[in-house]
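If you scroll down you'll find the structure; I have some questions about it.
We just call them A, B, C and D in the order they show up, numbering each chain from 1.
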């Protein structure tokens, strides 16, 4: 019984982590159709930001407040990610909106550079982030331990989703963004500054990657190459979910998470990875538009 | 005469929106048929269904009364002899005019035959004849993307004609053309109709009046009425439909 | 026409005579680069001419190399079980390894297996009209699948170590400089033949159909061509070229491992073509040679900044030299010849259709 | 007649606008041809020279006898994923070279290191090894970390009769006449540590490892050993390199309730595994984890708080109490900064340089065959205790140590083998290992 609960929870948890990683892409790739291969490095930037914030707290802030470094790290990671994204959009992406394949190549170049820069600043070895003590331990349900860190990530991704939804649906800026992604020329002729919207949207998507990086520090390594672990998965999830559909991305992440954990439980981690990717590729053959698609006519 | 193309109760829906709600239409050999109607009436969608770009959710599209082409792929429909010209010129911008026509030759389009294909003297003559017919003889080694808008339109019509079609589908062929160009195009269409049937979507009433014999009026995904232009002009329903949307008629 | 052909002849003869003016070490490097140039030709065909960006050509390269490496491994094991199988606990040669003891089978497989795999994947995705970046990303997922499999199936593939430590090929010692020179010359000849094949294809009517597919796939359908079969064909041709290059690579470098079929090598392959000029076959060859030379140079002189340089190269080429070195020379030449007509932008053919 | 399409396939046709005239076209082809020739020439020159420009041509490579320096190669990944680990090895080797030079060098010659980057890419390792041997004519090479890089270099060293010093613990089953192995083979790390675990920590083992050669081979040996020495195997799992979600694996561990987890995970995966193990409520008190790839440097990247109380098996710890080590650690920190730590592979890399120098002195020659001949029985008082080269298999005798990770990120040695253990890469002296190879 405990195993079933644990595994179910693991599936949801893995799904939530994948969702957090893919959420930023769902905006930059899903809504704006920009292939940003440096998305993984924005995750890395978020993780390093968390590390820096932690270092700063341990050096300059009374030890009693150390535990709150994480609270400060989340918005800061968002800001750093968003800033990087904004700069990237202004200097590179905006010249490449009509050349998606080229933006793929150029941003891959950016990702190489960011990795090397991180190595130069922080050194080649991994750095360690100590998770705040209030995230230690877990909730025990029927013999199954649900770690607080994983619960926290589920909560974090929910908050991100809800804020994103509110932003897109309830604020003027968000509605402008949706208008631009739906019909660029129409929005532009109605006086929406598409340039501004593009930059904002890209910054938000990149900022979400920063948050993902911050969240990942409590579970995994922090090094210059962590972005590369997630980037392909993230793109596949967005495609699987359906381009342009945030809800689709949620479903995509959760199904990959569940399938991954189930497959891993029955076979092994390597085979699980193979199974998940083969399943995604096969699924896209039957439904090229993904699980849910905002666009009516297939992948064009 | 037997119709060469018959649409029977064709229905199309996009995510619940009924773009075509049971269209019946017959086109006879060597007929020039104009499709008119306000925006959103489903004219272009109907052409899309005939050429295979959009799949009908229901109904039949019969070619020569026997072959149901509703489920065929685009290239299979083209190989039957139904070709389509799109509204905005869609020629291959990075190929020359000559190369554009070369690809449009009526030929075996299988991979193997095309790889071994050689330009025969006959092909060459045919293409040169077409070049002078569409007035692009001097531009034949230019990249098609560099042509003026009207020239692109003609090139595209020329590309359709190179295929010796049985049915030619034209979507607003004169959009963006000057007065003389329009007239020339009209003549061209007239000329074409001696060899094949032409189905034209057009908004320009002046043009329709000058060059039409049979006109079909569509409205809200259905055929409203059919007849000659003067009959149509008498039709009260049509007037009603257009009066409210005057601007779309001209 | 003749002058141009003469230029190509001179180029290939200069390459062919490499052993006369290159030292053993540099000849080995050049041989490796020319293998990459064959891959680049294939990528140029699908990307520059047909508009398919594959980020998964490492897989085809790797599979071709593995097919030949399996033969080499068996030959150097002298009828015994390959060493890695022994310590992986395999007691008998797996059935699928057995035919690879035949060099003809192995070499044929190194062409056919990648081509078939590409045809399968291509047929499914192209038939379902998955294209553009979606295809690119899917091809990347394919890389993940294959690399994971090759690493995990250590008892069959040698795992992360890959296949290495070969002694002879058809009885000739691979360590002998003469054999290496012969292999180099063979590589030049095969590169020349591949180039000729590719040039003939692109200059044929079928080649113009490919360009048309790149500029407006849907429009091509309305001329009665089925783009799927053209794309599948050119994609598997390009996979076969990659497999062929893999064979030549493994013969000269004496090593193949999953790391060489991964995502990063696959993207680097695209970079070679981008740098040389994606619309130019000769550009692809030059790109492969130049980028890899630069890589050797930079990573020897300034090892730490190689990746920064590589990254910058990507950005610069995409932003300022979208048609690569050959394209840049073209337009420079164009300017020199005072060609000033530039007006009118080329609309994409598919403006309406898609 | 003008040909209907431009003959050159590579032309960017857009630029042909209004150029239908035959002459222009022909002239253009001519200039295009010139360009191709120019590019070709440039490419050839570049490819030929670029690789060599910064290097010494073999012509001016000093013959070992006449110059007052001797070149040695240092070949590690300075970029790419393996740089994390390998940069420190380079540092240790360079430090040893400097120390030896300060003492007057080898055979009166100063050692001149030629540093190359393997870039975490195995063909690059082979290429650079070839370059070091053929162009730089180095007397020996210190390099490698992963088995894959060693396997890639092995044929190069054998074909060119070069000499490679490989400083990392590995899975054994190899003994190349051109390689000296200064890291542990399995019977100097894994075998004794399993015995120690069985005697002190419990009988039921769960094996986890990254999915590559070292873990799979090591675990095969561990399984045979468990059978022979009365242990039980309750689970064996592999995760792809770079795997970061261990929740499912940990629930399997919870199901099987092992007493010991034997960990051969690699690099980043360790971080994720230990963090998530702790979150799942499993501490060192519940299950002992013994790792063989976590040295002092890795501990810092994982975080000491989650590792405290777990174990690792090595031949050397920074805390190993010898006078040589005191000096070594001080010198290393002096050279590379106070925040740097040493570790087993770093020490093995450092030893390798000294062992080579000693062998050269004994052989009175830099000749590879002479050095190999002389190497057997060479001793060095290493920071981790005396190491001796075994002339039969070119591995070294090493003392085995098990340490417990402390809150300060250092190890507390809890057991050692007392005397250096004879290397046995094929486990020929262990009856239970029969049939493994």
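Rule of thumb we're sticking to: contacts are C-beta pairs under 8 Å (C-beta built on N, C-alpha and C of every residue); 3 or more make two chains touch, one makes a residue touch a chain.
A quick note: this is a predicted structure, and the numbers were derived from the prediction, not measured.
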{"item": "Inter-chain pair with the most contacting C-beta pairs", "value": "C-D"}
{"item": "Far-end chain from chain D, centres as C-alpha averages", "value": "B"}
{"item": "Length of the line joining the C-alpha centres of chain A and chain C, rounded to whole Å", "value": "32"}
{"item": "Geometric centre distance via CA averages, chain C-chain B, whole Å", "value": "43"}
{"item": "Interchain centroid distance [CA atoms averaged], chain C/chain D, Å", "value": "30"}
{"item": "For chain B, residues contacting two or more additional chains", "value": "94-95, 99, 102, 143, 145-146"}
{"item": "Chain C residues counted as touching two or more neighbouring chains", "value": "148, 151-152, 208, 304, 307, 343-344, 346"}
{"item": "Per-residue overlap in chain D, given as positions that touch at least 2 other chains", "value": "5, 14, 17-19, 79, 211, 238, 240"}
{"item": "Residues on chain A engaged by chain D in the complex (per definition of touch)", "value": "2-3, 6-7, 10, 13-14, 17, 116, 119, 124-131, 136-138, 145, 147-150, 216, 218-223, 225-226, 228-229, 260-261, 264-265, 268-270, 272-273"}
{"item": "Residues of chain C touching chain A in the complex", "value": "53, 124-125, 128-134, 136-138, 140-142, 144-145, 148-149, 151-152, 263, 267, 270-271, 274, 304-305, 307-308, 310-315, 317-319, 322, 354"}
{"item": "Chain C contact footprint on chain B (complex, rising order)", "value": "51, 53, 73-75, 78-79, 83-84, 86-95, 99, 102-104, 109-111, 114-117, 143, 145-148, 152, 159, 163, 171"}
{"item": "Residue numbers on chain C that touch chain B, as the complex places them", "value": "201, 204-206, 208-209, 211-212, 214-216, 218-227, 229-230, 233, 343-353"}
{"item": "Complex interface listing, chain D residues touching chain A", "value": "79, 81, 83-85, 87, 211, 237-240, 242-245, 247-249, 251-252, 254-255, 267-272, 275-276, 278-281, 297-298, 300-305"}
